[in-house]
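Two complexes follow with chain A in common, the first pairing it with chain B and the second with chain C.
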Partner chain A sequence: MILLAVKNLAVQIPQQDKTIHLLKDISFTLKRGETLAIIGESGCGKSTLCLSILGLLPQHFQTAGNLTFYKNGVEIQLQDQTDPHFNNIRGSIVSMVFQDTLGSFNPLFRCGQQIIDVLKEHVSGSPIQNKQRAIQLIQQVGLNDAEDVFNKYPHQLSGGMSQRVALALALASNPDLLIADEPASSLDSMAKNQYLDMLRELKDKTNLALILVLHDLNDALRFSDSMFVMYNGRGFEYRKKSDIQKTPAHPYTRALIDIQNSLNQTRLPQQIPGEVPSITKLIPGCPFHPRCSKRSDICRTTFPPPTFFLNNHFVCCHHYFKSN
Partner chain B sequence: MLNGIIRRILSAIPTLLVGITLCFLIIHLAPGNPATRFLNPSQTAATQEIIRERFGLNQSLPIQYFHWLKQVLFHFDFGYSFYNGKDCTEVLISALGPTIILSFWALVFALSVGISLGIFTALRADTHVDRVINSTMMIFLSTPAFWLGLMFIGLFTIHLNWLPGSHLHSLYYDQLDSFGQLLDSVRHLILPVFTLGLPLAATVFKYIRAGMIDALQSDYTLAARARGIRQSTILWKYSLKNSLLPLVSLLGVIIPALLSGAVIVEVVFALPGVGRAMVTAVFGRDYPILMAGASLAFFIVILFNIVADIFYRILDPRIRNSAGGL
Partner chain C sequence: MKILPQKTQTNQSMTSGCITIGLVFIFLLLGPLLTPINHTSQNLSASLQPPSSSHWMGTDYYGRDVLARLVFGGRITWIIAIASTFMAVNIGTIIGLFSAYQGGWIDLIVMRLVDVMLAFPKLFVVLLIVGLGASSTSLLIWVLALFSWMEIARIVRSEVMSQKNRTYIKSVRALGLRTPRIVFIHILPNVLGPVIVSSVLLISTIILVESSLSFLGLGVQAPSASWGSILNDGRIDPLGTWWLSVPAGLLILTTVIGFNLIGNGLHKQLDLKKIV
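What follows is the complex of A and B.
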């Protein structure tokens, strides 16, 4: 069952002399219980994409395209960021855990109080019920001494705890979709894996859909059902994880996977040659062409239109790798 | 926490002592001699010497100082005015009434105007309304109180004749009924309170506006919105508390500003408060009154600094729980 359909989403900042395109032509669909990993180097527009799904982009950003949420057979269409319907969506349908979890707490209120504030907004219950529910949530994210955590101020939390409490906060409103921007990226790999495992368990229990913004391809391959590879504000490849694992179709995806493999084999870390282009620079043709080993003349002039597969999956490349 | 408060109070005592000592020295080192105010052509040098002796001014400075300190510390006796022989404590207490009334209402005015305009403009940051209010407030912030007071008197008292420009009451105050008396007092207070309160309101405004804009643009506000917390909660609960925090520490600055402002306003508006008593004492070299007033001012400033500290620590858990905090 489809939960969210994003169609031709574009985000731009109009400036006096030019327009900066942060996102161009982003489309994907997300089913209930599905985990979508968004992959890309920093600055490719991942965070902008997350915020635009929540309607939280700054006011001077312009958007085009469609977001449609489906809940209880009702279709909620959102046209632009100022759409008042976003107020009914935030929290109740989609919630988010930010990368800087500590910064996402109000420093002057106890963690428990902040969870209760979310509960008050979305779940009707007596103060005692709310407190019980808050403690339950803290336990649910794998923190043992829930009562203690409830009474703590954010600055008293350790890194790992703050990740989990932030998750509890995001889950308090009982959303259908959770967006996690670089989840647990500040933790060491063991703690991070534990966190992601817990997230997967939670998801399986509650049929929650997840959008994970990741820069570690390994994590994406382990924890996602489908992957959306972004570059320079565009979607390059959107396919099932297993397909990408077998045959990455886009040269960029392939390059990322090659690097990952070299890392896994503890060879010297490699890099895709060339630089990540700044989002403010307009690159004619395929934005990856300065770094691409498969480029031809057409790549310099024409952006490759998407080639569609099943389920709206696609790849944008003139010379993509075809699976046999 | 209690330990910390006691420590904070104890550490204030040396500050108070150093301040008062410096004040004593400065007053006595300033040129001029209290005895000269009683000078007349028929006076001999011997009479002058008698006056100096009576005031204890013939003794060395350290002896004068320790004598004064002893009287204050052990008998709470600030001495008697050189000018009219009245008990300094009594003089100050009777002058305190108008100063407290003036400062209190100026503070209420400054806080209410500053906070509400600060929030109002923070919500409209960078619009025309914001710019107009912001620049107006900055003008008040940089205007000297005596000039503002004179302008008010010029406009509202002399030119428009709307409000009285001096004293606490009218001459016919006693003949009014109680409502009339209240009205009369209020009318007399309006201009002084505005003069003292407007620059303070501008200070408060500046802090609240900046704090509120900061809070509204912070990551935690974005995150709260992402969780679906409604705008009114974000505004009145989350952001307001965060933007009021700097104001609490500002309290330690506001109170001295009020006191020094009150001196000028009392002189401009001829109000019988501590400020005016002090100015009169300065011109008459009335050392006991000056020292009593200065000690009181030091005490109030230090007291409010401590109060501000304590409040700040109560409100901000990050400081409350940090090691070395209160």
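What follows is the complex of A and C.
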């Protein structure tokens, strides 16, 4: 059952002399219980994409395209960031764990109080029920001394704890979709795996859909059902994880997988030649062409139209058919 | 191993400010116990008496007990200052919050209004309004409040501006909290520190303005008293009738210094890096 359909989403910042395109033509669909990993280098627009799904982009950003949420057979279409329907969607259908988890708490209130605050907005219950629910949520994210954590101020939490409490906070409104922006980037690899495992368990239990923004391809390959590879504000490849793992269709994805494989085999990592282009610079044609090993003349002038597979999955490369 | 000296947490300006204000407060509270005489009862035969056993602080032109008038006038001065500060802080906080959270052209208009209000010489405008209207204590409180909220609004606005882009505000928005809840429950407590400091400092400013007005005869009207009007009673012969001007002047001075010390102390205590 489809939960969210993003169609041709574009985000731009109009400036006096030019327009900066942060996102161009982003399309994907997400089913209930599905985990989508968004992969890409820093500055490729992953966080912008997350914020635009929540309608939290700054006021001067312009958006185009469609977001459609499906809940209980009702279709909720959102046209732009100021759409009042976002008020009914935030929290109740989608919520988000931010990258800076410690900063996402109000420094003045105890953690438990902040969870209760969200419960008050979304779940009607007596104060005692709310407190029980908050403690239950803290236990649910794998913290044993929940009562103790409930009474702690945000600055008293350790990095790992704040990550988990932030998750409890995001789950308090009982959303159908959770967006996690680099959910475990500040944790060491052991803690990160524990955290992601817990997230997967939670997801399986509650049929929650997840959008994970990840830096680490390994994590994406381990924890996701499908992957969305982004580069310079565009979607390059959107396919099932297993397909990407076996036969990456885009040269960029292939390069990323090769790097990952070389790391896994403890060889010296290969690197993609060239630099990540700045999002403010307009690159004609395919933005990856200066770094691509398969580039040809057409790559310099025209952005490749998507080649579609099943389930709206696609790849954007002029050379996809040639290489197969 | 070197033992680091423990950081001492004494806040001298806070302590001395609290002691000063505490003493003045006790004087105002327990003053009537010192003198049973009503502050308005006249005795023309005992006009301008220097301090004596029956009138500890002497009498004024109409033979009214100066001690009783200092106590009563001080209460009036304090009530006016605190009430109008309270109102100014409320007005300023609400306008600042609203303006900053809305942003855009609303913010632009509100802040230009603040600029215009700040450009008026406060004392002159207050003088004009109080002079035109029938002077009463409640009018004085209103007028003082209406010309004092701008600094508070500016401080609140700048604080809200910096708070509203913090991750925790994005986070509560992402969790679906409504705007009034975000503004009043999450942002407001985070901007209160500077507001408290500047409101304490505002009390002393308003005491000075009120005293100036009463000194000029436009504030609290006779037979009621305020420190400013008592100061005015001793204006004709300040050296000869020193018991009129000196104690009232000293009380104004100590109160203003006391509140300023508390303001500075709070500033330090709340660890505010910036204050307008």
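Everything below uses one rule, namely that the second predicted complex is superposed on the first by the 320 of 324 C-alpha atoms of A that agree within 3 Å, B and C clash if a C-alpha of one lies under 4 Å from a C-alpha of the other, contacts with A are read in each partner's own complex, and residues count from 1 in each chain.
The rule we apply is simple: contacts are C-beta pairs under 8 Å (C-beta built on N, C-alpha and C of every residue); 3 or more make two chains touch, one makes a residue touch a chain.
These numbers come from a predicted model, not from an experiment.
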Fit-or-clash call for chain B and chain C when the two complexes are aligned on chain A: clash
Partner chain(s) touched by A:Gln59 [first = chain B, second = chain C, both, neither]: second
First, second, both or neither for A:His155, with chain B first and chain C second: first
Partner chain in contact with A:Gly103 - chain B first, chain C second, else both or neither: both
Which superposed partner A:Val118 touches (first chain B, second chain C, both, neither): both
Which of chain B and chain C A:Gly274 touches, first, second, both or neither: neither
Which of chain B and chain C A:Ser173 touches, first, second, both or neither: both
First (chain B), second (chain C), both or neither touched by A:Gly91: both
Common interface residues of chain A - those touching chain B in one complex and chain C in the other: 54, 56, 87, 90-92, 95-96, 98, 100, 103-108, 117-118, 121-122, 166, 169-170, 172-173
Touching residues (chain side chain A, partner chain B) in the complex: 54, 56, 87, 90-92, 95-96, 98, 100, 103-110, 117-118, 121-122, 153, 155-156, 166, 169-170, 172-173
For the chain A and chain C complex, residues of the former touching the latter: 51, 54, 56, 59, 87, 89-92, 95-96, 98, 100, 103-108, 117-118, 121-122, 166, 169-170, 172-173
For the chain C and chain A complex, residues of the former touching the latter: 103-104, 166-168, 170-178, 181, 185-186, 189-190
Complex contacts: residues of chain B adjacent to chain A: 218-220, 222-230, 233, 237-238, 241-242, 245, 315-318, 321
